[in-house]
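One chain, chain A, appears in both complexes that follow, with chain B as partner in the first and chain C in the second.
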Partner chain A sequence: MTTTTSAPAAPAKIASGRSGELLTALGVLALLLAAPFLFYPVFVMKVLCFALFAAAFNLLIGFVGLLSFGHAAFFGTGAYIAAHAAKVWHLDPLVAVVLGGLGGGVLGLAVGFLAIKRKGIYFSMITLALSQMVFFIAVQAPFTGGEDGIQGIPRGHLFGFIDLNEPLPMYGFVLAIFVFGMFALWRIVHSPFGQILKAIRDNEARAISLGYDVARYKLIAFVISAAVAAAAGGAKSLVFQLASLTDITWQMSGEVILITLLGGIGTILGPVVGAVIVITLENYLATLDVPVTVLIGGIFVACVLLFRRGIVGEIEHWLARR
Partner chain B sequence: MTTIFGVPAAALYGQILIGLINGSFYALLSLGLAVIFGLLNVINFAHGALYMLGAFTAWLGLQYFGLNYWAALVVVPIVVGLFGIVIERLALRRISGLDPLYGLLLTFGLTLVIEGLFRYWYGSSGQPYAPPPQLTGGVNLGFMFLPIYRGWVVIASVIVCFATWYVIERTRLGAYLRAATENPALVKAFGINVPLLITLTYAGGVALAGFAGVLAAPIYQVSPLMGSNLIIVVFAVVVVGGMGSILGAIVTGYLLGVLEGLTKVFYPPASAIVIFVVMAVVLLVRPAGLFGRGD
Partner chain C sequence: MSPPDAILEARGLTKEFLGFVAVNNVNLSVRRGSIHALIGPNGAGKTTVFNLLTKFLTPTRGAIVFDGVDVTAEQPAAVARRGLVRSFQISATFPHLTVLENVRVALQRKAGLATQFWRSDRILGQLDDRARELVAAVNLEPYLHAHAVDLSYGRKRALEIATTLALDPVMLLLDEPMAGMGHEEIDRVVDLIRAAAQGRTVLMVEHNLSVVSHLCDTISVLQRGEVIAEGSYEHVSADPRVREAYMGMEEA
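What follows is the complex of A and B.
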């Protein structure tokens, strides 16, 4: 059951190959550079943070075939650590985000070590249970501020002289983190290491028989994914100047799954497209009478029943077939 | 006043009783999850939402139709079971044969929809549901005071768990079900209607959740979110027990419930996470689960 079908959607090769990817990346980058002049910058920054979060999650589900149902634990931990570093220790914002990422990576090492002992559906349940444990710890631990969270986090001055309280420098800071994170993930996916991950996804038994230490590869991928998710959480806490329990709930884990599923599991661009759609929906439909969770749940059901490849996945599939 | 390990005996017994009650719900829910997973290969995330639906149906029945507790105990599992049939026929059937992860995602989406609607209609605060007059009050057992309703919950859940175990392990229907779990194609070839069996299994599993919801209504407040926090703990229970054995699911449920109760006595801050800690330890020592057959 896990050997042949563990990958929900194999990424289709784009017909034009790597030059096509490069062109797409440049196009997206151009759009992102123009975005703060067209939209509300905080909104675009929120999209960037969630896109990076989803891309980190996608590294596991799309390229190793592991569905983590507890990624909010890393996102939230990163948010709390970055918030604490910026507010209490008065560290440079970049250092705060990096510390958040490192903290998430350490937590990922512990959670991943336990979770990879089981496969498939059990892996998902274990990550969900452990993230709930992290949630309960966050509720009780003194430094997270309990129900209030950590409020009024100073954005500070990057490298001591760039004032991040101005919208454009802050946008540049978040965009740089996003681009760096996406590039790192893209490099990992296309590296020999990434090829082994895909081999594990497609046929774990064969990867083992070829002599690969599958558990170690899974754990490394898990730690990377957790660290990037945590860095995204850290950036988010600086954007909103708030780290709260919302960041660490299972609903947040569900949201990142939805973003990735809707955009396209196993595609590079999918998480970005998914984040744009989900965050936009949440922002503009918050005023509607229908509760947002009902809508999100409905999209979930529709995705699973109707287009499991996601938006970008369906487009790639259509391009490849043509 | 007698004390045990420096703790008043009455407090200790009281927490063990609460542990047994929580354990009753863990057992009923993980039992349903295990039965459904066995045949459908789906982890039913919506189990918690259907448990909530059971409690709400009982409350609504009492509110608008004067449906008393005893009638609710029979009617509500049927209603929730029928709802389960709709879910299975309209949604789960379409993704059978795909990776089980899709079943988890689909039922997760359903959970959000069901919970979101109930929160929209009734708000997040809980609704009180009075226990039936026959089960109010309590008895003094000499070593502790036992509220009758709480004793009834433990007894009722043990009976239902045992009945489910009996049906699956000792009857002809159960034999079909176990055979279909092992090899559905072969069982189909013998002329047994496997798709119907699958529908009935899902309905039966979620009916157990509905029954648990009615039992829970007088103890906990009936609220839209009562199920989702419970289901995550039940997932941990399922990982600890392993889903290979019906009896294993039941025993693990009660054991972890009592353990949680004991933690509340000796080190209260850890009581919310003790089951997850046990899960972590079991994963280190015996990854397949206490009663598991590996995966």
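What follows is the complex of A and C.
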């Protein structure tokens, strides 16, 4: 038995991929360090929170192939818990965000447990239904403040001495959460576990036949995604000093899908680019007297038709083909 | 009762799809260490039998005993962990992983390197030596870093076998491992299967009767969901019902 055939496909791509990612990450970090001096800090912080939210969502759609239509439940839960922890329990802002993330993770375990064995559209529908249940709980429960939400959340003092009411320390706080969250997600994608996720996404039946309990792997990913989304929600509630029903509506679940698809699913940078575009558009359009959702929807349709892989996805595709 | 040297036994195995009986009361006994073929015309129910044996489908009736354990109620992944590992009729690789990564995925579970999400995947490098050996054994070494999706059909099959062998399974179930291959590739896969069968049991679905006659110890013939004959190639090929069924197969 001898193989006498042409040379294999280029193996060099693997090495360049990771150093390329590192360079891009450093470039983005440099931009983000300069950003609060160039733009309104609250705007940049909002972008960071939504970028992290979308990146958490992207872990599922991009690397497990699961389209969650209820991720606002986790974002909103994290926002409410962090808000409550900071305002009522007077906890350290970092502890508040971490508690928000943990709360989202626990909710993710419950939702994931019920949804994870469903496939395709059924998975999306169950996550939507369960997130609507969470929404109604938020409307009814006393601690969320109903229609008013939780307002006037104190940003507090990080570690007891860094005053987060100052814009730059607050920005540094949110940037640190963002960087840590993005690093965690990147690490998961490039971990032994991430390798199994890719295998499951590629060929689920084959992964089962190799002895993997695929539901367990998907559930772990789901819980991590929910926890990171909730931490993003927690950070957002401290930035705006507000946690409200808006954070937990199905429209918010739709917005994170939009951000991710626009930026490029399955890319590390896509959710960040998507968040920059969508948040910028929303802020700009809010100053005009036009129906924002309709416009965003139209732009979304145009983008999906023009670049199927999302903006970062198309760029990566173009670079890979050169 | 079951013969003492049977590694896999199906008793009264039946599968109905909304009233359509795809597999009907199949009794199958595969002897430990043998290469056993399951043949029959298209639509006879061979793939369904495989799906039942590996628990990818739940039987409507019947029992499956593997290596002395009743696995009828087990999950497919659990059956695989017992060492009963299948391939698929449509070749089953991880298309966007490289050849090396494909084999490594199979090695990761036993090495305890499957759920760690906090570590760098560089640690998987410790599996590379073993993975390379397995890849070399199926002559795919030149393609170590090629993506599975880019391989020819025959090489995908070879990769599938290397991945399966990485689990060091007790028994292999191969669903049409040579379908759609040219002569040269078939010879190569026959050699691979023969090598893989060393110290193992193989149950395979195969259409190519000349391959079956050379490779397999026992043949079961399935038609319309039922076993109509079983035994050596000489025995089975002399059976008039098999000749009739086989003529149908030739036409298809």
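Throughout what follows, the second predicted complex is superposed on the first by the 304 of 322 C-alpha atoms of A that agree within 3 Å, B and C clash if a C-alpha of one lies under 4 Å from a C-alpha of the other, contacts with A are read in each partner's own complex, and residues count from 1 in each chain.
Here, a contact is a pair of C-beta atoms (placed from the backbone, for glycine too) under 8 Å apart; a residue touches a chain by one contact, two chains touch by 3 or more.
Just so it is clear, the structure is predicted and the values come from calculations on it, not from any experiment.
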Who wins on chain A residues touched, chain B or chain C? B
In the superposed arrangement, which partner chain does A:198 touch: chain B (first), chain C (second), both, or neither? second
For A:220, using the defined touch cut-off, is the partner it touches chain B, chain C, both, or neither? Pick first, second, both or neither. second
Looking at A:210, would you say it contacts chain B, chain C, both, or neither? Reply first, second, both or neither. second
Looking at the overlay, does A:126 come into contact with chain B only (first), chain C only (second), both, or neither? first
Looking at the overlay, does A:190 come into contact with chain B only (first), chain C only (second), both, or neither? second
Looking at the overlay, does A:308 come into contact with chain B only (first), chain C only (second), both, or neither? first
For A:300, select first, second, both or neither according to whether it touches chain B, chain C, the two together, or no partner. first
Output check: A:140 vs chain B and chain C. Expected answer is one of first, second, both, neither. What do you get? first
Chain A positions within both the chain B interface and the chain C interface are 1-2, 5, 8
Applying the document's contact rule, which stretches of chain A touch chain C when the two form their complex? 1-3, 5, 7-9, 11, 14, 187-188, 190-196, 198-199, 202-203, 205-214, 217, 220, 224
Of all residues in chain C, those that touch chain A in their complex: 54, 56, 75-78, 80-81, 85-88, 92-98, 101, 104-106, 108-109, 113-121, 123-124, 139-140, 142-147, 150, 163, 167, 187-188, 191
Parts of chain B lying in touch with chain A, wherever the complex brings them together: 37, 41, 43, 91, 94-95, 98-102, 104-106, 108-117, 119-120, 228, 232-233, 235-236, 238-239, 269, 272-273, 276-277, 279-280, 283-284, 287, 295
Contact footprint of chain B on chain A as seen in their complex: 1-2, 5-6, 8, 67, 69, 114, 117-122, 124-126, 128-130, 132-133, 136-137, 139-140, 250, 254, 257, 261, 290-294, 296-301, 303-305, 308
